[in-house]
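For reference, chains read A, B, C, D, E and F in written order, and residue numbers begin at 1 within each chain.
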């Protein structure tokens, strides 16, 4: 068991390869499960408490009781991570996730106790490295981000088909592009786990948090902008803003801050990637987490 | 293995209890999977071909290739069912399902081959028996059925949180009630896998098929109404129609036809349950499938 | 006339029991009338001027000229109230209302002069007393608060069927619950005359005033929060906010501040009712109006 | 009592002038009441049974029990009408209405028994006579007909502010014009109690019945068109249809069929008023009711 | 003048190269102009009368009087076409258009008489030839077809920015693709002048005509389907329909019928292009217009 | 050429009367062109740089490269203006515009180089003079301002049919009125190039800039309000706000600030036109531009 990743499943720590769940688990049958994901920076876990707070909000939204406290979940998370850290190679890091499904359906109705999985997964540093050199190409698909009238985009749940359809649309035309969904009003919304920021005339703008999952990296970025004395405002944004922006970037747990080169093929920077504001923020981000984000990615080119 | 149900998972037939999938399966992580479900009547499978046709439409919508033909899937389905039939007790029947997920996520990106599960599950005849005596209580929750702008309700996929939230809302106030969702325009839409029909002045009305998953039992009911010479029309319906209807019933694979006693507490029948049109249709349905639907349910009281 | 309440109708002060209007009054035929309502605290009228200002905004919206000045209306209101005060028992108080309809339809077309009614009505202290002990159960009905595109929710008019239908829906499932309507975008809106406030991480949030009637008690509460140094923000809120809030309360002329125990059965407080922020605000409210709001209600248990 | 109209109010037949209701009646306070209205033709009542059927649908929608049967209501209606018929002058006719409010609010909560009013009112033949010579000018206001998501336009209730605001908007610019509201999707909807019909290339089109109150005169017109062999179709219509129509007319209980000369000032007929299809239908309508509708109106010029 | 195309501009026939309009023409300043376009087949003009009827509907919608009758416009159209026919090379044909702007703005307010242009333009047979061999690639952009609430898509006017933006979005990712816009409800709508048809299980479906410009070629195709005994139905269609269709094709004046190979990269045919139903209709179309549509296009490869 | 205005068209300065473009210019065929317009005050051009910045944003939105730099465009603008200034009479001023279309369509596909027009046009001082004495009458039409989902209202483009239809609606009922469009949510939006401001209780409110073209005069007004110490807030506003406002005014390049007397006939001022806040702002505006705006207009009465 030395040389393979382990995971926690319902009280057991087992090799990931043997860590399985029943197909009768409603997390599989209906995606009836919630999760949260942080990452490590140089092997050190990032803001685990904040991520667990958000996990427990998602649980509350789904009326799911994991039968574990935040403290227990934190302890198991650290345990699983520490067992897996030795497997990381140089310049690599992990995603670290907790997942809770409602349980396994029973012949006589109802479900078993919740299924709890705690696991790590290597960050896709190699797959995304070129984005830090060339910038991300964003494309807005025709389908709209699910409305809060139907399901809140703010709860992290195991239902991603809306976003998967968006990516299928976009990648069918350009395998390098990522989807930036609009919401049902036509406003810029979010990509797969990624929040968007526009820079115009030295100020930063990002969508309100209602129609999106307001990421923790998004909040970090807002805080860093404040520290750097850069105005940052939440407001409704649309394609006009995207096409006339001076710089664009996205944030996510794994991206931290990733520069965007174009939206629907319309260039969003005039000069080098990243633009000056993006660069300052990325630098501040790297300082805060203690590793050079961009260098870590570029090292995988 | 004699006395336990088996299931097919990725080429193997194994006891259901041992039939598991990785938590890294995207069917679990994202609900990125499709399925279809028919049932048996007295042990005989119902319209398997039509259900497989619909499964392959769902697969096409999700751009998923199961790496099996319809014929292969049909054969495995029959095989699994036949192995499990001896376990059925008197007056019981099975749900019979095929499920295809996009596969297991890989460390270096992408996914494995699709995961295919074929399985049976006992119908909840006991849990629902009283509905055939007392009628179903429908309640319209405040959340709206996911719009086709975001995800088509017509593809049967493993993303049910919209409907789960609807049921949580409704059952929080009345544990016996079932959710009847409205669509984003406020029209009557569908419940959890159930289509709605209103009877008014001897004619039957049911919603258009765009905002709902147009069930095969729904089509059976439409065909039976034609055979019985009862006018039946697809049209937009709303709460006014529900509150002023003479009779209401729902259809689904498992319900076949189930009478409704009220919508939001407003009685939908004046006299006995079921009303006369519902009764005629239920009789015709029973004749077609070769068992008395209502008696099968009531036998479990 | 000593022992019965009086009211003002079109220039006359008469016993309430004899105070009638024609069924041809368009206030009856079409609800074509506006009103405003304040209350007394220990017999003293509360912010009459502000309520009359709002009444005159509603009149302007409806293009209705009451043929009385604000000053005249204020004087009559005080007169009616003073005549009725002796009828109040201990721990009781009044609602105090002005109502103006467009008049009585005439055989030859058009209407008579406006009908003006000024009246008092005992507050439902007994009916609502348990809410201050147990908290209010809010349920979101499926129907949506009327959109300003059709009729402004900010004008207080005699058209309440939208809200009545909401209450009928909700009370059909739970006679103790009150309706909290969503607006046409799925945002938390308002109940019958009641504004909603959420507390999360020590801050207070309440919907923008466009889709709701921004109550005077709502403004009082905002002012009190400022005085107490508690952050309070108007923003779009939805069910995710309601399900993940730390505390919830509603405000209205009669409620002042009433604690909420659950939204759609999802508990909105972890400990005692009311939560700490609600308690501080209620205390400040009581201080301002000069009677203990909660004690007055609880005295009627 | 010979020379004055009488009305029925809660079991009593009294002179209209003395027929009053409490201002505490919720029909006044909230417009919480339903009604239906037919008319006489030459003193003979028109389709009373159909109107009572619709009244009882509205009652069911509002969950109101009038504590009278349809038969009792029919009998009282005939009685009131017969007492008032002698007061009609030549070429005059009556509107005949039943009204049911939820009752009078009580000090201790709840309401009294329902209030029932049955009454007649002279048709506005003189006020509208010129429309049959010159055609009706329709104008679409900016506000939208209340959506069924908020309140069904198909229940005849005492809440008319949406339509009153529409008329105030329109008449502020042109005192002779009438409002034709659009629904929330921008489709042609209805005016104050009036349904719209467009004629194009010899066929007739009228909006679906969901967003409108589908009048009985509307149904009469559809039936007459069928009898005359003119194609008539329910479909979504918008301003493009109105501006390019060959003829336009409206129907209502009082109008029967009234020709429209323009929509938003855009002429809807090329030649004389009424156009040929409108004329044929009006003739057939007159034949059916036994008086010449147009002549009755024109006699009042 | 022998060897150059001519056009009619405001009463003059001049060489196209000299046929100019003022930049103060509101057709330029605001796109305040209407037009219609038919084509020739082998030099013979197609359904000119129907196109002029539609032009006059567009004029009526825009309240524009061209100061010419349909007959005059028809005569000038024939005249211009006949002068230009000798310039057509083998296998070529013309678009033939009438255009009417509101006129030229004047210093003192208002505009001059309308500007009328009648002109021909060579069909883009060479640019589109490969589509008849390979099929058209349709992509749904994120922006939505302008709603009739704002401007009717059924009037052919000189305002195309909505559709131009759609094409810019789509071609930024795939230069060979064409935009298929969705309407504001997420339904399949139309491309640049092109109507869409889906074939499923031997039946044909096409969107309702309200949100689209219902082309004359669309009507031709509907009529041909009827003649061939193929069921064809107007209904709301969305991406689910597109992804699960058996065949897809578009129609327009220039395309007549053009096969579609994919929507958002999802193949819409299993075998050869065109599918069997598309082929039958294309054959019937060719028979009706007297030239082989496909051969004419393919000749330009 | 002394006595006639000149304009720049594609590199040439010619008399306006001879300054023409091809009817094949896509600026004419599709309104596929952008522009911006400033004005002179006493012959001096106003904020040309800001207007050119906005022009270049519009160009970026439309993916149009004018093949001229901002500096070149500025120089030509000044040149054209200077040539035309001598033609101005006393108390007159010019609109000054740059226009860029995508070019002229070519027989073989694609377009020529962009068409650039730079021109001046006399302000309609005489036509509008009475508005500064009597106030502007605003009327809200039934059609809605085009949604950013379809086309951004923030890019100044040659597509005005949405606004032209609004004006046709409004002026059909009242030739003196101007259209104030609502957006698709029913909020107050903008008129033809004019932004709206409401004054209530000493504060100013104006719509958010997303659904409107946020004019430079709008920004000037916001800045002036700040300088004068008057609170000014961007927020969603609707008809309730318009009907209950103390004062209303509009701003535009030509209007600067123009007082509004009524919205849909509902008076928006109690006393004299303009109200006190409007008057202060107009005075400050005049001070800033160096001429008395109101006197200039009134001089033309």
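One rule holds for everything that comes next: contacts are C-beta pairs under 8 Å (C-beta built on N, C-alpha and C of every residue); 3 or more make two chains touch, one makes a residue touch a chain.
Nothing here was measured: the structure is a model prediction, and the numbers come from that model.
When the partners of subunit A are compared with those of subunit E, the chains appearing in both lists are B, F. Using CA-based centroids throughout, the chain positioned farthest away from subunit F is B. Among the remaining chains, D is positioned farthest from subunit A, on the basis of C-alpha centroids. Shared residue numbers account for over half of those found at the interface formed by subunit C and subunit D, and the copies are therefore classed as meeting with the same residues. Computed centre separation for the pair subunit A/subunit B is 33 angstrom, with centres defined by C-alpha atoms. Per-chain Cα centroids separate subunit D from subunit F by 44 Å.
Counting partner chains per residue, subunit F shows two or more touched chains at residues 63, 143-144, 147, 149, 168, 182, 186, 239, 266.
Taken pair by pair, the chains that touch are A-B, A-C, A-E, A-F, B-C, B-D, B-E, C-D, C-F, D-E, D-F, E-F.
Against subunit D, the residues of subunit E that register as touching in their complex are 57, 60-61, 63, 147-149, 152, 154-155, 208, 210. By the touch rule above, subunit A contacts subunit E in their complex via residues 139-144, 168-170, 172-174, 177, 182, 186, 239, 264-266. Every residue of subunit B that touches subunit D in the complex is listed here, in rising order: 182, 185-186, 235-236, 238-240, 243-244, 266. Interface residues of subunit D, counted against subunit C in their complex, comprise 7, 9, 16, 19-25, 27-33, 35, 62-63, 99, 101, 105, 107-109, 117, 119, 121-122, 124, 126-127, 143-147, 149-151, 157-162, 164-165, 168, 184.
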